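The following block contains the structure, expressed as structure tokens.
Order of writing sets the labels: A, B, C, D and E. Residues in every chain begin at 1.
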Amino acid sequence: MSLSWMAWTWQTATFFILLAMVLAGMGLWEWKRPGGNPRRGIFGLDTTRGDRLFITLLGSGFIALGWLSFIGSPPYGALVICALWAIFVFRRV
Amino acid sequence: MRRFKWLVPTLYIVFLMLPIYWLLNMSFKTTNEILGGFSLLPQDFTLENYKKIFTDPTWYNGYLNSLAYVVFNTVISVCAALPAAYAFSRYRFLGDKHLFFWLLTNRMAPPAVFALPFFQLYSAIGLFDTHIAVALAHCLFNIPLAVWILEGFMSGVPKELDETAYIDGHSFPSFFVKIFIPTITAGIGVAAFFCFMFSWVELLLAKTLTSVEAKPIAATMTRTASTSGYELGLLAAAGTLTIIPGAFVIYFVRNYIAKGFALGRV
Amino acid sequence: MAQITLAGIRHSYADSPSSPSDYALKGVDGQWADGGAYALLGPSGCGKSTLLNIVSGLLQPSEGRILFDGKDVTALDPVDRHVAQVFQFPVIYDTMTVYENLAFPLRNRGMAEAEVDARVREIAAMLDLDDMLERRATGLTADGKQKISLGRGLVRSDVNVIMFDEPLTVIDPHLKWMLRSKLKEVHQRFGTTMIYVTHDQIEALTFADRVMVMTEGEVVQIGTPVELFERPQHTFVGYFIGSPGMNVMPCSLFQGDAIFDGEAVTITEKPVGSASGSLELGVRPEFITFAEDGLSVEIVNVDDIGRHKIVDLRRGDHRIKMLAGEDDPIPWENPRIRFDPDHTRIYADGRLL
Amino acid sequence: MAAKTANHKAWWLVAPVVALVAFNALIPMMTVVNYSFQETFGDNVFFFEGFKWYEQVLGSERFHAALGRQLAFTFTILVIEIPLGVAVALAMPRKGIGVSVCLVLMALPLLIPWNVVGAMWNIFALPDIGLLGRALNGLGLAYDFTQDPTSAWITTIVMDVWHWTSLVVLLAYAGLRSIPEAYYQAAKIDGASAWAIFRHIQLSKMKRVLTIAVLLRFMDSFMIYTEPFVLTGGGPGNTTTFLSIDLVKIALGQFDLGPAAAMSLIYFLIVLLLSWVFYSLMMRNEER
Amino acid sequence: MAIELRGVVKQEGGQIHIHETNLSLEKNAFNILLGTTLSGKTTLMRLMAGLEKPSSGRVFFDGRDVTGVAVQKRNISMVYQQFINYPNLTVRENIASPLRVARVSAAEIDRRVAEAAELLRLSPMLDRLPAELSGGQQQRAALARALVKDSDLVLLDEPLANLDYKLREELRQELPSILAEKGAIVVYATSEPHEALLLGGFTAALHEGRIAQFGPTAEVYRNPVDLRTARIFSDPPINTALVAKKGNTFHLNESVKWPVNDATCGLADGEYRVGLRPHHITPMRRGEGSIEVMARVLVTELTGSESIVHLDIGGHRWISQSHGVHAVAIGATETMYLQTHRFMYFESDGSLIAA
């Protein structure tokens, strides 16, 4: 069975592998040291560790889109903002 | 005010019935009459359109194909959803909430663009133009729905019932099949109804994944509409016939919707 | 506040009732005086809740009339009858805070906000709800929710009657005690007519001045707790009230005395009327004592339940229960018992002679 | 209700579902992501293009127009369908034969294949031979959905209302039926007005089902394709060219796979965000 | 035969449901778990049944470690507070269910089902579905299913709590004899002290996930080890107050005092908390140790056979429970008698020091 129609490139493959590793890592973390009950963050949302990951990823998507529409590629700057966003979410939300 | 309450559903139903009435009206007219003028009832009543559908294999096979993959999909969706819904309703496990949300996000991807990879995927595994391809593809949106509906019903069943069965000595499979499934028939009825409905009405994926052998009726209709010009009478008759299986299904589950539906934590 | 009269109330849930068994209520008459505390007591399915809903106006009786102070209210809506009702399971408005829940019935009637506030705070203090007034009502325990329901029933001062439909079902036994005394206190303080429906004799008897005992859609006796206890008009009342219930044994009559299992039993109150039908002797466990001379019996079992002992006796095929005091000795050797003549009664076909 | 027990073995029970859905969801999703970074000239020959398509789409007039139309459409049908569905559910009989009749008749539109719905409304609304078109023109209104953008919009919206309001009715009705009778009795005795009953009892108890109804309608209407395509073909002009119709035009009509893929993913993110925000807000209110 | 919990702890999500517990329950007696809602009765039962695994500690059955053994492999029955029956099976099939699973022969099943149905007076409704039965009948069906099987351990979790008062009374009377014949270990959870006393046997008083006391029921009732147990085991609630011991006298206040007795003469002077059960405050003199007090009547509740009067005695709100009818006016001041030899004296930490 050929997979060529899926049009893989090393860039996208890396992206998906990283994503899968983040998910697996989070799963492993939760497995070994359960995060416990949700906490109430600054947005008034009750979030668990998994929820915070979701917020981070979704937020990062929009940060990247915003960067592309207002500043343009390459979006390395967006990457930095995403990292800051991730730290913020995991600490405070 | 209370005395006129019945007016609301009545007017609403009249509104719903008007287009259907028009479709029915058209289906009993000849193409000439349709194009020739406007009349509330067929002047030249004919069953020709229906006769054509029931005799022409490309037409009636369309119905059979549709029914085949819809039934197939309903069975797969409900069977797969049953244990999953049980897990969601009874247990906490790693990533349960996110998994549930992920299942629901599958309704969010625009099918128009995703049709192409679907076509390639099913071609690649050699299932293109088979009933099973459509049945499997429709699982994408039907399974999450079935899981959600069944989970609601199952949460309405006290977990003490499960425990009583285990204490009686039932193993999990025996309890699940002999005790639990009969207990939530209403939920299964409602879930099956929704699976049937969404699989029956969907066209884009069904059309993409089939060409000849498993072509659904809806696709036959679009092709007719485009190739043989506007044979409106025939199209109307075919359309009318697509309403019938759904009407049957809803008739059979109406009591579940009225009573059982309410019991579940919808 | 009002005097409530029930005149020939019959009710059937069937569309066209034919036999008496189709009726949930088979003809109830009665009167509840202004300011009294009443209870409707009976086993599940006896029609007590149906009767309650007919009084509050949630249900229209198939036949009969309800009068408030002599005025026919049978056709009136609950709102116009000015009644309050507390249900078996807590009903709270999730969208509101505890305070708003309590204020709801008052605000709906357009009461001035200052008055609402005073009233709500008074009731909240009484039910120990004052420290949670600003909280959402949703997150509370069943106990807390039921307290709110009770509060909504008690908050109005203009009601003709407050009705309680088994309100303590969901409450823990320890809290039951507290809430029951609270209700009693409220009644003694405000003097509102209250009707309390329950299957629990203790709740009914401790709460009410007069109790209506019902079974199978009929009222078998209306009376004060003392009357019900001391002079049950029906063996059902004897059995249903009292724990354990009254001993009922077949007997015959001879010259005004009862003959039970071949021995004469003295009765102070000689039966009047002709003795037809099957005769039974009724005596409560509380009115049986060990005695030197009396019926000889066999002791089957003694249950020490702390405050007193329940003694299970046998004479021939008949089982008799009696109560003995916490410190009373049990005469294991050749026990004999005596029925208190003042409290031994004769029943014919279940009814007091 | 007692708390659920922790049991990670439950994963075995969800495994079949995960496998089936992942097969159908992940592979196409990954493929679309791959497309969105590449250029192709057919025959499975691809060139990596970085973020070119995203930039192009985000800056394009066409994208903004389609997104605007889509949002307007979704917003309109939600504003009509949710209140209408709730109103119908409230007015429906609670027992008797009427319930079955109502439910069966109301569910009919849900069970008609989507292209048949489009075709049916096309026939129904045609200004020359359609009942609706003839009736409106008979009343002196200039109505022609094939020519006039306003007519086309109204027809599309009315069609969607016709098609989907019943789903809201079914869900709302189920929610209403699960309210214990005691709530209505208590409200009667508390002297609550009809509005207060609706606001504090019915609406609050229906919140869960309404959340679901809004989510389903939001997601499905955002993806709507078949019915308006069959009805108007996206016209007149591009006035009823919603997101999916536009995507098909780009992907299949112009075979610009890359931009179409990028655009779908952007849409996917928008729907995901809006659904999540809405879902979180509803659930947050529930807990307080 | 015995079931034994050794150092069992149950905690979940950082919350401790059961603190370290050691308990051994024997067969041929009613073993009662008494406590309020959330005191841990149900959790304890579920641990015994194997429906939940202890966080630490072990469960032994007949000396055999059964901690990890699946429920199916333990020979037990359980009845819940809610009426749990299989809704799609008739009463007959419901009762037969455990036997069918155990592959008992059809004739044997028929015999045993008929027997159990007879015992619980279900014979006329064997062919009905549970939904067609009244609450009491549904619970009897659940009991029949638990009894039909020869289980080693029968767990009853407040089985009568949702039933009518009178029905409860009847079943409560029948249950001990029905269960006695089974020769199984019977564990019965209840929140009502009255019920525990009626059922007899042994009682474990539970409070916030700990067993406060375990022993023969009457013993636990009469000699509670601490104030908590006394509270759990008193309905109406036990009357308590702080008293001062000065020399040979206990003072409740200036006017109410009583002399020490053999049990209390050895106590040091100081403050003690006393407990007195409501039926030891009576309107008539009973026994030698009674002292007279003046009490203001707050609320009266008459049951016909008993009078329950809420009193204000020297600023303490106390309850008196007595046989017969004692009509007293609210607000009036009445003479009441305290049976001082029934006082229980507690240390400041709540433990009993003298009674």
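Going forward, a residue touches a chain if its C-beta (ideal position, glycine included) is under 8 Å from a C-beta of that chain, and two chains touch if they have at least 3 such contacts.
Only a predicted model underlies this, so the values are computations on that prediction, with no experimental measurement involved.
Shared contact partners of subunit A and subunit C are D, E.
The fewest steps needed to get from subunit C to subunit D, moving only between touching chains, is 1.
Using the mean of the Cα atoms as each chain's centre, the chain most removed from subunit C is A.
Just count the C-beta contacts per chain pair and the biggest one is B-D. Rounded to whole angstrom units, the spacing between the C-alpha centres of subunit A and subunit B is 36. With each centre defined as the average position of its C-alpha atoms, the distance from subunit A to subunit D rounds to 27 Å. Mean C-alpha positions place subunit B and subunit C at a centre distance of 55 Å. Each of the following residues of subunit A touches two or more other chains: 5-6, 31, 54. In subunit C, no position touches at least two other chains.
Shared interface positions of subunit E, i.e. residues touching 2 or more other chains, are not present. Those residues of subunit E that touch subunit B in the complex are listed here as 49, 51, 70-72, 76-78, 80, 82, 84, 86-89, 97-98, 101-102, 142, 145, 149. Against subunit C, in their complex, subunit E makes its touches with residues 36-37, 134-136, 164-167, 169, 173, 191-194, 197-198, 200, 218, 221-222, 235-237, 277, 279, 287, 298-299, 301-305, 308, 310, 321, 323, 325, 330.
Listed in rising order, the residues of subunit A touching subunit E in the complex are 36-37. Residues of subunit D touching subunit A in their complex: 8, 27, 30-31, 33-35, 37-38, 40, 44, 46, 48, 50-52, 54-55, 58-59, 266, 269, 272-273, 276, 280, 284, 287.
The residues of subunit D lying in touch with subunit B in their complex are 1-11, 13-14, 16-18, 20-21, 23-25, 27-29, 31-32, 84, 87-88, 90-93, 99-100, 102-116, 119-121, 123-124, 128-132, 134, 162, 165-166, 169-171, 174-175, 177-178, 208-209, 212, 215-216, 219-220, 222-223, 225-226, 230, 243-245, 247-248, 251, 257, 260-261, 263-264, 267-268, 271-272, 275-276.
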